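Look for chain A in each of the two complexes below; its partner is chain B in the first and chain C in the second.
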Partner chain A sequence: MTDPVTDPVTDLVLLLLTAFAVWTGWRVFRVDSMVRASFSLMLSFMAVGAIGLLLSAPYIGIATVFMMAVEMMVMAIFMVMFMMNPAGLNPMMMVHQHGVSIAAGLAAFLGLGTAILLSAPPSDPVPPQARVVAQLGHELLGPSMLIFETAGVTLLATMVGAVILSSRQGRHGAADEGSRPPGLTAGGAPAGRTPGEEGGPGHHHHHGGHG
Partner chain B sequence: MTGLLVLAVLATLLAGACFAVLLDRAQPALVAEFFRARVETEAPDRLNRDLAPAWYLALAAIGLSVVPFAPGLALIDSPAGIVIWGSCEALIVVTIFLHGWAPNAPFPLIGAYRYAALALPVMLPSMFVLIAAALPAESLSLVAIVDSQREIWNVIRQPLGLPLFLVVALALTLRGPMDYADGADIATGTSAEESGAARATWYLARAAMLVSVSALAATVFLGGPLGPLLPGPVWLWLKTAALMALTAWLGNHVARPPPGRMLTLLWILLLPLSFLHLAISGVLAL
Partner chain C sequence: MTLTIVLLGAAALIGLGLYGALSQQSFVMLMMGLELMLNGALLATIGFWALALGGMPEGQLLAIIVMAVMAVEMAIGFALIVAVYRKRQADMTESLGTLKH
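Showing the complex of A and B:
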């Protein structure tokens, strides 16, 4: 087996994967559809996961593919839900705040580029017989247990909080009770049915109060 | 040896897909479908519409290639083999969603969203069941999971595992109670606007996926290639065929609840059950 550090095939694959990750990342802003943007981003992350495989981190590389596929699926659903573009196929503008985003992109590129050029990257080849997945497991559930668990519990609390905030039912009645949709014109009458109207979705007969 | 394993994966996929078509008694309809004209929808996403069946088929092949055909012998012998399968599962959901989203038509889109909403909670029990099977083996490698079943198969040691995984198998192959993507109630859902060779390929990919998911279940719960007298691959094929028949039978005989009720079942019943399964398996593996 050739030394993976100087193997030209590995270098070529790495370059191709990097180019693919950058290209699909750029496509996210050019495809004019939330679903296409989500899955372009997924492809970009999958290329990064494949680079993880090249760096002898099989678990992290494959888990990246798994996490990103699930995450982008969820993101596509929620993006389309919130973007009022039911199919996600209607053209829409994917970029805004041009000045700020160009400045932020340039600053990040120059900063990271300088950091890479000025630092000496380590050359630390992984021995082929190293049990990298087991080592990662021991690290995550050993010295890094506190960080790992803190991040996990924080994420869980965030998810539970988001579900509670977006849920219609609550201790004080339905969340949309008394809410009025915005008018179709500025200062106009609310869109949709008015609460007093017969058979409206917001129309409720009086239910017994709690306790 | 690699060439032989590639051949074994492809032959298993082909023969298994033929067996799945026979199980469904779908061969005349399938042959006729190849000669039908193609239907066009308005402003579709052509890339995803044309490639979704191919991705489904490719994911079935990748999923099968982590399965050991003999003890210690798999095409992709990765220390994280079970995570590769998990990635395939997640990408299958994406593929089926894109298959319904790409035609830009109502029924396929309803099928796509309905399926995505129901298949994502199915991923969770799937992961817990597979992690539970990795516990006695103390490894995420499928080769090690087969080796850990030399004394006793996981189907006996972890009795909840196979029933829970069969729900996953039904969801990944769009069958019976879990067929929320291509169900008859929404005019075959994601396939509603599809005709001709594309529709036939989609069906064949579903058949290939049945082979792949059954082979994985046979490996994780029934000892895979382990068995007396007969060589390893034959045992794997027999177990895979039995699980394919069981999954097809379940698909034909279990009713499909409305999506809302199924969502409740998945989150309220199946997820806690898989937690319980993982906890019991963890205590037993200590």
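Showing the complex of A and C:
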């Protein structure tokens, strides 16, 4: 057991980091402010990135940390834009079907946990002298280039889709100008809301929730 | 042992994420649940690659794909939130029931 991956100190640090990732993940749904929730999620991701660093995946670990630092900043901006309680001054608990959700989450954890404890995964750690980043580069621009390029095109399509979805303007003016939902019966009144009418079918903010 | 710890952590993250995605009413919080599930998937991938695959480069590739999925989910999710908010002034799942009627 001289392998750095299985030495006891690394094991302990890994245990602590995993516990931290899970704890911050739990805090996401327990803090009173969405900004705090997004930073909590960022800490969870950073713990996973640090686990990657420990488990001889430096590229993945550091990329996770960088990506999540930026992503959660963007998320925090959206939080401030959309939330009613940025400062966390009031208790915030907006949930529905709470019991079902807890049961589903527990079932997922217990099911996966049982599968993990009952199975005997092979023990075949990364050789300490392996040049993992170089291997990843050769893989990305070698045998798996098609997968890599497909991911790139998918991200491009995502950018186009995000711009189209979030743009207020269509190509020739407002995107919904002149559009009229079809009626439920022939010649009947338009179903749902007509464009231009402001306000949805209810903008309720449930403080307190149902459970 | 190490792999078991990591995988149990990943399972806990996936369970927490599932709870969040099912229970949260706010779209943004719901997406954080989805992200948390992907976080668990990423952790499990890293763990398997490092401890059970003998350093096959395909494992790292899978982790990169998981990260790309995260980016796509985040970008399209927020674009949808903005689109829905522009149309309906809605930021809660309960406000979107039109398809039911």
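Here is the rule we go by: the second predicted complex is superposed on the first by the 159 of 211 C-alpha atoms of A that agree within 3 Å, B and C clash if a C-alpha of one lies under 4 Å from a C-alpha of the other, contacts with A are read in each partner's own complex, and residues count from 1 in each chain.
Basically, a contact is a pair of C-beta atoms (placed from the backbone, for glycine too) under 8 Å apart; a residue touches a chain by one contact, two chains touch by 3 or more.
Since we're looking at a predicted model, the values are computed, not measured.
Undergrad: Figure out whether A:Leu141 sits in contact with chain B (first) or chain C (second), or with both, or with neither.
TA: A:Leu141: touches no partner chain.
Undergrad: Touching A:Leu156 in the superposition: chain B (first), chain C (second), both, neither?
TA: Neither chain B nor chain C is touched by A:Leu156.
Undergrad: What is the contact status of A:Ala76 with respect to chain B (first) and chain C (second): first, second, both, or neither?
TA: The answer is first: A:Ala76 touches chain B but not chain C.
Undergrad: Taking the superposition on A as described, I'd like to know which of chain B and chain C A:Leu16 touches: first, second, both or neither.
TA: neither
Undergrad: Given the touch rule stated above, what does A:Arg36 touch, chain B (first), chain C (second), both, or neither?
TA: A:Arg36 contacts chain B only, not chain C.
Undergrad: Once chain A of both complexes is superposed, is A:Ala63 in touch with chain B (first), chain C (second), both, or neither?
TA: Both partners, chain B and chain C.
Undergrad: Look at the residues of chain A and decide whether chain B or chain C touches more of them.
TA: Residues of chain A touched, chain B against chain C: more for C.
Undergrad: Touch test for A:Val132: chain B only (first), chain C only (second), both, or neither?
TA: A:Val132 contacts both chain B and chain C.
Undergrad: For A:Ala189, decide between first (touching chain B), second (touching chain C), both and neither.
TA: So A:Ala189 meets neither chain B nor chain C here.
Undergrad: Mind working out whether A:Val95 is in touch with chain B, chain C, both or neither, as first, second, both or neither?
TA: second
Undergrad: Once the two structures are superposed, pull the chain A residues common to the chain B and chain C interfaces.
TA: Touching chain B in the first complex and chain C in the second, residues 59, 63, 74, 132 of chain A appear in both lists.
Undergrad: Help me check something: in the complex, which residues belonging to chain A touch chain B?
TA: 33, 35-36, 39, 42, 58-59, 62-63, 65-66, 69-70, 72-74, 76-77, 86-89, 131-134
Undergrad: Give the list of chain A residues in touch with chain C in this complex.
TA: 5-6, 10-11, 14-15, 18-19, 21-22, 25-26, 28-29, 34, 37-38, 41, 44-45, 48, 51-52, 55-57, 59-61, 63-64, 67, 71, 74-75, 78-79, 82-83, 94-98, 100-102, 104-110, 112-113, 116-117, 121-127, 130, 132, 135-136, 138-140, 144, 147-148, 151, 154-155, 158-159, 161-166, 168, 176, 191-193, 198-206, 209
Undergrad: Quick one: which bits of chain B touch chain A in the complex? Just the residue numbers, please.
TA: 43, 45, 78-80, 83-84, 86-87, 90-91, 93-94, 97-98, 101, 104, 109, 113, 116-117, 120, 123, 140
Undergrad: Which part of chain C faces chain A closely enough to touch in the complex?
TA: Answer in residue numbers: 1-20, 22-29, 32-33, 35-36, 39, 42-43, 46-55, 57-58, 60-61, 63-65, 67-68, 70-72, 74-76, 78-83, 85-95, 97-98, 101.
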